[in-house]
Amino acid sequence: MLRIEALTVASRERALVEHLSLDLAAGQITCLIGPSGCGKTSVIKWLAGILPAGLTATGRLTIDGGERTRPDPAISYQPQSDALFPWLTVAENAALGLEVAGVPHATAKARIAPLLSAFGLAGNERLFPDQLSGGMRQRVAFLRTIVQESSFILLDEPFSALDAVTRMRMQAWLVARLQEVRRGVLMVTHDLREATEIADRVLVMAASPGRIVADIKIDTPREARGEAALADLRETLKSMLLEDFS
Amino acid sequence: AEKVSVALDWSLNTNHVGLVVARDRGFYADAGLDVELLPFSDTSSAALLAGGLADFAYVPSLGFMSARAAGADITALWVTMQRETGRLVYNAANSEISRPADLSGKTYAGFGSAWEAALIGTMIRNDGGTPQWDTVTLGSGAYEALASGAVDFTLEVATWEGVNSELLQRNQASFAYGDYGVPDQQNGFIATRGASIGERSETVASFMRATLAGYEWAAANPDEAAEIMIAAGDFPNPDLVRGSMKLIAEGGFLGGGDTPVGKIDGMRLQRMAQFLADNGVLKDGTGNTLSAPGDVSGWFDESWRGQ
Amino acid sequence: MQPLRRILPAILIALAILAVWELYCAWADVSPLILPAPSDVARALGTERAVISEHAASTLSVAALGFSTSVAFAFLISVALHFLPPLERGLMPLFVVSQTVPLIALAPLMILWFGFGLLPKMLLVILVTFFPMLVSLLSGYARASRDHLDLLASMGAGKATLFRRVRLPSARAAFFAGLRISATYAIVATIFAEYAGARRGIGIFILSAKNNFRADLVLAAVVVSATLTLLLLGAVRLVERFSDRRRGHHAAH
Amino acid sequence: MLRIEALTVASRERALVEHLSLDLAAGQITCLIGPSGCGKTSVIKWLAGILPAGLTATGRLTIDGGERTRPDPAISYQPQSDALFPWLTVAENAALGLEVAGVPHATAKARIAPLLSAFGLAGNERLFPDQLSGGMRQRVAFLRTIVQESSFILLDEPFSALDAVTRMRMQAWLVARLQEVRRGVLMVTHDLREATEIADRVLVMAASPGRIVADIKIDTPREARGEAALADLRETLKSMLLEDFS
Amino acid sequence: MQPLRRILPAILIALAILAVWELYCAWADVSPLILPAPSDVARALGTERAVISEHAASTLSVAALGFSTSVAFAFLISVALHFLPPLERGLMPLFVVSQTVPLIALAPLMILWFGFGLLPKMLLVILVTFFPMLVSLLSGYARASRDHLDLLASMGAGKATLFRRVRLPSARAAFFAGLRISATYAIVATIFAEYAGARRGIGIFILSAKNNFRADLVLAAVVVSATLTLLLLGAVRLVERFSDRRRGHHAAH
């Protein structure tokens, strides 16, 4: 169980996020939605331990009750920009997290190979990032993130550049994988369908200052989430977002 | 053989002829010495000697006296040129100059040493002119600047730059320092550290005797000496060497006959030192001007001749 | 307070070096003709300050003139080379060659060719400071991001607009890096030029100090030269600071 | 009417797009969908006249029958990455296209001001890009594109970083604006809902090599596009994308 | 063919300059002592080639030794300064000051302090070539993208890993830029050092040519110095080319 208590993030002029608390359970997917600019990325970056220099933050982070300083190897992170290294190939970029963690080269390679094909990247191992399409880059970044050995994964709009079908495949993969290894996922998304289809829980943020205004558990098993029930939920979420705008 | 190094004051030239002859005709080897003539560099030979980087140094007279006055522990053993070799040159075609007094208000190409002002000022003053002129520090570019008319006058060594000008058929005229109140001086000292005279007197003596033999041979055989110089290498202009040796021999600059080769004249040294002191050129180690050089008899030591 | 604390380590290290040097001179009893103690140098600076400052003023004015001409020139040439690639291919190798010429060989010849006025000295300063500026500017232009260039090209921007709106702003950091390198060399190059021929200047002062066996004065001149250069660098820093639109904001990129 | 004929784009190793033809009508929104990496961005970049150095292309572009060389001022373009200039403020970035076109400063400013508030960016005019959230950056890039005086607009996933509500607002703005000024829009999107809701026409691309496999006109007026009808269309599109994958 | 065509403009311009110079010498009847014609220089190069190449060999070996030491040293120091910011604040100002010292003043003193051997010459070469390398490396490290640093930091990478995996690769272009600048100055600096005191080398050759009134030989030495430098630069270019993972692929970023 990862828990944020009373997080406040401020720029020089104003508070961006105020007194935000949330927790992530192992084996669960928590989706974070909210209007553009409300502070989602700021929360994620604080968790990843890389808040930009212009911002200051106060708040407490615990994992299973123990206080943690960040960056913490128990947390892995996919930025909103893909942050691929231009001087590394697809395969090397994908292995970056493992290499940094000291996993032997051969082991890393072996672990990545099946995922490259699962994500539709087979055959592109030796390309450099500037030879990839936007969606391909995003999948490499996703692969780099989930292959790391961490208990919690932070995903900042991980599938925003993917077409509907590829996106579904990636979602399915993520859900299936979570059943095997019990990791906790915090995922920022703008796609309400995505949120309602794969989340165990949806957190809704409002802006100015960023705060959590709703915390919705979805208990229906994923196989049983019918189009009708989800549509209702989406309408509810949309109305919450709309509210924040007026 | 004992290794001995000699720092030079200038690129190898005919002033050094005795050293080259002694080396290449084996006089040094016979004396059990292995002599290296260090190539000329931008660092002064007196400094190289005082700094312990060379065992002996060929030092021009002004450099020697300045270093001595500043407290450097160097002692002269020898002087090459028995008469002043320097002179003031100007373009003969320059109708404005016919006597030193005319130099007043003209442009001088200088070399950056304090004694130049004393020298030129004395000459102009003694000729009745106002000692005022414009100095441009040019170093070895001075001669081309003079030839091209960019400057009006400069100083030269008659046995080197003078010969070169003649070879190039430059129409130049000159004034001798001595004619206008500057004391005549000997030039081209060979010096060593004071400490060496005490500790290595054997080496000093055998080196100097072989050197003496070299210069004596050169004075007697100027043409062959010139060829030895040229064979010693790095002379891009052999005719200059030949011409220079010829002038040195004919002008009796090295001595011979009545004048012993290489003999230091204490009187003339004292007079020149006094001249420099009078003109504020000599400074002690902390930069204060010396009003009198004191007794210069301790500045040189020719005891090697007797050993 | 902040800036003072920032340079404190440098000052401490410098003082430590000076102290060791002073003690070494006192203990090892080296001749001041060869290695004067810092205190000797300070004394020389004091007694000769009138003469030195006259020479320094001359050096500074030549350096400032040469340096600013060089910067203007480097900028113009960089623009020309940028817009005319065949010209770049034709001239860059020659500029490289110009940097490989030993100045000690060239300086006396320059004096002969151009006289002992301002011209040869300015040419030498330009010769030394021009190249780092040019290289920095060209590499700055090349550092513009493909995305930004593409975006502007898609707007129908010509090469000139691309240059003004993308390449020039992208080259800002590189420009100041080059400016700092060139400013560092400007004073030294001037001294060098004076050494080969001049009426006055720190170079002449050094030459005559050397000819008079005054190592203390030589080192005093070194101190003055270093001070002048640091002043020039400080001026460049100020220009950089005050021309920054985002002063105070230290964005990372 | 903008028309591409027989466009082929190739890298050194293979053809990325082969023999592709399409046309854009003024006053219409054409959505281009297709699996990630199928060549959508390559087509758009070719149209914008900025194909990367490693790629070569053959093909013909005409506007209203006249052959055009690119870049063409009649076409404006929003890249998949936002390409904001880090040394310009939000307002300056937004005005960039107008400035380049030589529009006087004051005019540009006046034209941009109302759009900044329409896009929820009011109050951020003086921020620099690195002080913006991902969605804010994308809206600035969109603003920069549509404010240019061109007859055709190329949008490469213009709303991918926007939350559902902001996205709807932007879509509504785009549709409303098109009714005023009759420009042609080519928009790459991964959101089938977006495509079906705002497009006059949907082009479906398939990969390896990139080509157009379906060209679907949506004649239903936008006001009348009921949820049910659209759902069917989305299913059709999704099945087409799925097909390409197997 | 390609490389030849690329440098063709440079060769043409160079030939044009030489031709103008030759004609000027022939027509204006300038003294070869002041400005020798290119043909005089070529002839001098031919007749003195044995002597010159002996001196050149000496210069090249000192330069190569000093330059490689300098590069190694600059790299080590840059790493040390990167990891110890107080050290950077302490030493960088001193390194800047070291560049403001006029070599003409320092070189003769260095000879007095360290003798005629390899040491003072290597020290001078290092003094000249070290700083551009160091500055380039440090600015290269600083050029690493925030996104990349953040990503790696989020993976729990320490300062060392950040350095090795982000800063070092990001500094590649800057490293080679610095290497090119330093290589450009290595030969010239060596000649300079020889000038102040050496047994052989191009510097000594120039000095004696000058004192023997042979401007043609001085310029011949200039040609040799330029050639040696271009060789060194060529070697640097080769290293850069062959150490590039994406050889032949000219990606724009």
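So that you can tell them apart, the chains are marked A, B, C, D and E in the order they are listed, and the count of residues begins at 1 in each.
Operating definition for what follows: a contact is a pair of C-beta atoms (placed from the backbone, for glycine too) under 8 Å apart; a residue touches a chain by one contact, two chains touch by 3 or more.
All values derive from a computational prediction rather than experimental measurement.
Trainee: Within the chain touch network, how many edges lie on the shortest path between subunit A and subunit B?
Mentor: 2
Trainee: I want to compare two interfaces, C-D and B-C. Which one has more contacting C-beta pairs?
Mentor: B-C
Trainee: What's the distance between the Cα centroids of subunit B and subunit C, rounded to whole Å?
Mentor: That gives a centre separation of 39 Å.
Trainee: Using Cα averages as centroids, what's the distance between subunit C and subunit E in whole Å?
Mentor: Measuring from centre to centre gives 17 Å for this pair.
Trainee: How many Å are there between the centre of subunit A and the centre of subunit E, using C-alpha atoms for each centre?
Mentor: 50
Trainee: Centre to centre, by mean C-alpha position, how many angstrom separate subunit B and subunit E?
Mentor: Result: the chain centres lie 38 Å from each other.
Trainee: At least two other chains touched by the same residue of subunit B: list those residues.
Mentor: Residues 44, 47, 51, 140, 144, 148 of subunit B touch two or more partner chains.
Trainee: Out of subunit E, which residues touch more than one other chain, so two or more?
Mentor: 34, 104, 108, 112, 145-146, 195, 210, 249, 251-253
Trainee: Which residues belonging to subunit D are in contact with no fewer than two other chains?
Mentor: 52, 54, 81, 130
Trainee: For the complex, which residues does subunit C have touching subunit D?
Mentor: 146-148, 150-157, 161, 165-166, 169, 172, 245-246, 249, 251-253
Trainee: Under the stated contact criterion, what part of subunit A meets subunit E in this complex?
Mentor: Of all residues in subunit A, those touching subunit E are 45, 48-50, 52, 71-73, 75-77, 79, 81, 83, 85-87, 96-97, 99-101, 128, 130, 148.
Trainee: Can you name the residues of subunit B that touch subunit C in the complex?
Mentor: 44, 46-47, 50-51, 63, 66-67, 70-73, 111-114, 134-141, 144-145, 148, 150, 283, 285-287
Trainee: Of all residues in subunit C, which touch subunit E in the complex?
Mentor: Residues 6-10, 12-14, 17, 34-35, 86-87, 89-94, 96-97, 99-106, 108-109, 112-113, 131-132, 135, 139, 145-146, 177, 180-181, 184-185, 187-188, 191-192, 195, 202-203, 206, 210, 215, 218-219, 221-222, 225-226, 228-230, 233, 252-253.
Trainee: For the complex, which residues does subunit E have touching subunit B?
Mentor: Interface residues on the subunit E side: 31, 33-34, 48, 51, 104, 107-108, 111-112, 115-116, 194-200, 204, 207-214, 217.
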